[in-house]
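Should a chain be cited, it is by its letter among A, B, C and D, assigned in written order, with residues numbered from 1 in that chain.
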């Protein structure tokens, strides 16, 4: 056992940290101004484009992709501390490095399961950061954590597939630069539970595709990241070659995609919690009430200590999970992926809540990043499977050990 | 001891409940549409005006005001269950009844401390629901829970007062119909700790008043309620007769205003929690995953039972506090007012969080009232004095009992 | 609604409080010494006998019994604040007033369901505090919260009933003065779910009764209160006249007994929490570390404030439940009885835990009453039905309201 | 970074696990019987002696001691998983391996700071498991977490030191085989804050030493481990050569001793939590109520999942702390030692509480190890410095990073 970074991780860590300090943090205020001044509420800011160019220049591009043909070729364990760092500025850094969800998952998916043609047409521009993509899985009418509930149909008709259904929480899809949708639906409702679903590539401009509205997260539209779209697919026809993998592979592909997706979220949540803890410390050191800094009063030190203790524990569990994914595979790390999905959002939510409380009115407002960080952490307690589903599944496995 | 409503309360309760069922709940969707379609993001909807007219017709108007010359003449104990009911639709019902913060507190303040002239000029149209008002106390640069921190200056200059300072979280003030601001500032920084402050009436259109921006609350602007403004006062001159009470009375008036204000918030929070619990029950009864309704799985019943238990306890404490205010006065009920200010927002936050979780994506979005309810409950853990200040003060008093 | 004690309650409250101050608190140390010096670990102390005589003299006897033929004739609402007071010294005061479990429940049961002969033979000496009784319901082998699990058999054989089975947690039964056991068993396993069970009176000395051992509660034997016995019944024969009520009435009688039993526990738990809060305040005011009293450091004031807030809420819910039992009956108050059973032990456990922490080593030891109070509160989270059973049942009822 | 055991750890882990399965678990019931039958409530059982002999035979002896001259020469990181395993049977396994507190800390102390003579006289028989030792630091009258509070005096008088003072929680000292006491006291109350204290070896039989009573922990005496003694030292004279290190070294030695002591406790707590989780799973799989195993009802799976998640996180933090102690020293690992001291007892307490709840009456009684495990975990939230002291200190350091 050993808890030290290897040389490559350490070097990238420093490079990335410098980039954050030099470029990303200062860009946050600029970004906010550009968002406020933008005509289109659903589009990226110019400053983000600058950051992308600079990140690429510094060798901080596509770090998430383990496949060296397409990305940095880092292991999960190497990528983890880097993704954590990007979480400190989660509205700019991940996208600046072309490491933002849902594109990361979509790129992984295309790299692993896409045909040569699909990779050329869609993976290449995604890797270059030229277009964006959406993952259309969740549906408004059903509990989507149970994949057999999916109501969207993908019917074969000659050389085409015809897609009918309604999706929501298709993140990024409100932005017109989000050009390609990966849509999950049922090709064979009578097949085995986990062979009913397939995935198909649907270009945004295909007739029958209607992007209806952006969902809000608490009061946030997440507009500068393309929002979260509700989309209807009415008799949408795509060539049969747009199928990803084979018919019936949808569930397996989704599972393969979700593991890394979940750990990436958890990595960034650690960084979000670190950012909040830093703000909590700064605020309570500086703010004076009743004659003394807040940090010298009441429960504040308890919050700080407890935050540190919780962050450290969650980070180690994320790192160990990354190591397991590297050594025994995503499937072998299933329990641990569930464990971090349960532990990390709740931890981050708790820490951010304390920082908000220390800031008072500023904490819930646009004047600190805290309320937006909180909304993201809270949402991850239910996105990609609610805590309760992960808990039930993890417990079943634990129970099996002793029976 | 007795836990039954008196006859007048019971009757008003039924009348109000009918009004909610007939008119208010159905208006929620209409309100949302009108908000979306509005030109001015900071203004009330037509449907709200209709509700106000109807509430007045049904005798449900100014119920909050204990002074029978101006309002319904209810005791706090009689008003409590009614205010709770309005909390079930907190974005429409309180204002429909002319019982919404901050106008309620401002009307009480004017009724109790205003001169005849001030009452005629400002209280009358407020009671009629014709204009709105703001309470400008909190400041961005200092911890406002400590009143000695207030930096706004109110200087006497001949027959006028000159106001200089910056306020924020002046709720309602983004709406142009909010015509009058009650501003707290220091007239004598060298006086005793609690005699430094005064309050002065500043009409919105006075030169030197600049409404700068609306603060957001977890992404929400609260625009349809006039938002939460940041306002600067630069050499603002008002007649000396605009002073409320005497010079140096500001702290005492603020304290008198805050007691009822806090309990009103708590009453409504009970209703907000009841609304969330109803939604939690409905959703988990109807939503099916893995072959069974959510209500039959995992922790859901625990959430429901725990919600019920927490709501009942908080409600009783609010009712007892109301009774104490009626029998021993606001000052005598100080400990209990702090107790409910600590207990109720946290309770409501907890219950609403569970309902959100049960709804998944819909819970955090605009498709349920839950996320907005949550943001309100969360904010009340820090508005009107953060929990920590109330806790420290309540504990000091408890410690004194045993030493 | 009204939150004031009536005159009789107020008077008894003062009388009882004086008794606690004059006699009970000073007796605590004497009791501990007599326990340490006793030959028999399972028997009452002489000082307790003195307290009983004195309580009787002061008119503080059998206050729990609503039936004026046998007891004080107080309503539940009147008894609640008195029972709470006894909880402040839970190892002496309840028994000093002949108001201790399980005798209270057994006396109520005999008063309500016992034959004239049964009442003469057993209720009379119990009311006089001359003997003690046990309630033998829980069994070691099965989940006793589900009454259909009960394995003890009570077979009719001519003029006798024959009892076979094993019981545990028969509180008080290790003391030889505990002369009568009320035993629950199945007379008809094939009857309807709730008509299978009956109750029968089994005198301690009946052949076939073996008191096997005392169960411990976190290391405590509760010996001075007769402990908690495991008892086997092997072919135990009692006259048919020893049946309480009719055959098949057992479940209904148990339910009738449990409601008051649960609320009595909750009343006393409020007093236990008050005692702990007093100790917490005293300790942290007096104890100095790092140059300042503990009460001025860190989270201590938060604990105190939170304790006060939780106690007040739980007390009000207990009082309202008592009022409901008085006005709509035990069955009508079923939900509320479950609610207090969920809320109150957890509240008391929390408060006592904080006091323990403030006392450090003394808190877990015999030098304060805290550890023993804690063990009692913790145990009440599972005794008389674990929290989870009450929660599931309460939630089912809540769900029914909305479907 | 790497999360795999090295070869030596893996081998010892298997050897120890076999020993637990073959010998220790089966000995638990024997131990309980021998305790019940013992004449002396303060002494070790014969079965423990057998286990010690067997552990030695299997090479499982003094594993805790990093100094290869005296012990196994394992690093902290190597020892951690082994200590964890012993925590699964904390009343037998640690002592069976001669790895039980407080002897471990005392042996380390003598190995590091003892003179050759002291080592020969006391360390040798301790290493052989022939005698036991006590560490007399905590005092009843003062908050001992602040070392300047210590009231015991150690005065030089010619060739002797004279000890006067009162200690409690001297674990193990009720057993007569506990032959040597390490006593902390002040040699120079006027010296610098951390140079006032010294440590001296006091043989049990020295005149003036009175072992007064055993303290209880909740209801437990911990008699079979020598209990927790209150001891008075009245004019106790020992040779000057009994001083450990130099005069004024007491605080530094105590600090050196406490780091490893704290992590050892935390290691074992992980194992205690694992034991509880195993019991929780077994019980809820087997126990049926209302027609289904408990594990399929309500919150049980949530408990299990949450337990697993908490245990994993705490374990990783303990392992990382061990690694830090090995790589940067105990002082460099100070923050992390505090972090695990805060996190681990609370985690174990939580997990054990759930197992207790699942067992109902059996859970709080002598029929499962759970209540005793709980009492130990709870006590470690205040022993070796209460959580609050560690939290305040850890927070101060965190705050310093950002100011």
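Heads up, the rule we're going with is that contacts are C-beta pairs under 8 Å (C-beta built on N, C-alpha and C of every residue); 3 or more make two chains touch, one makes a residue touch a chain.
Bear in mind the structure is a predicted one, so any value in this text is a computation, not a measurement.
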{"item": "Steps needed, at fewest, to go from chain A to chain D via touching chains", "value": "1"}
{"item": "Of all other chains, the one whose Cα centre sits farthest from chain B", "value": "D"}
{"item": "Computed distance of Cα centres, chain D from chain B, in Å", "value": "53"}
{"item": "Rounded Å distance, chain A centre to chain B centre (Cα mean)", "value": "37"}
{"item": "For chain B paired with chain C, centre-to-centre distance based on mean C-alpha positions, whole Å", "value": "43"}
{"item": "Shared interface positions of chain C, touching two or more other chains", "value": "298-302, 388, 391-392"}
{"item": "Complex interface listing, chain B residues touching chain D", "value": "298-299, 301-302"}
{"item": "Residues of chain D touching chain A in the complex", "value": "1-6, 77, 277-278, 281-282, 284-285, 295, 300-306, 308-309, 312-314, 316-317, 319-320, 323-324, 335-336, 338-339, 342-343, 388, 390-392, 394-396, 398-399, 401-403"}
{"item": "Contact set on chain C toward chain D in their complex", "value": "138, 140, 143-146, 149, 168-169, 215-221, 287-290, 294, 297-300, 356-357, 360-367, 371-372, 374-375, 378-379, 381-383, 386-389, 391-392"}
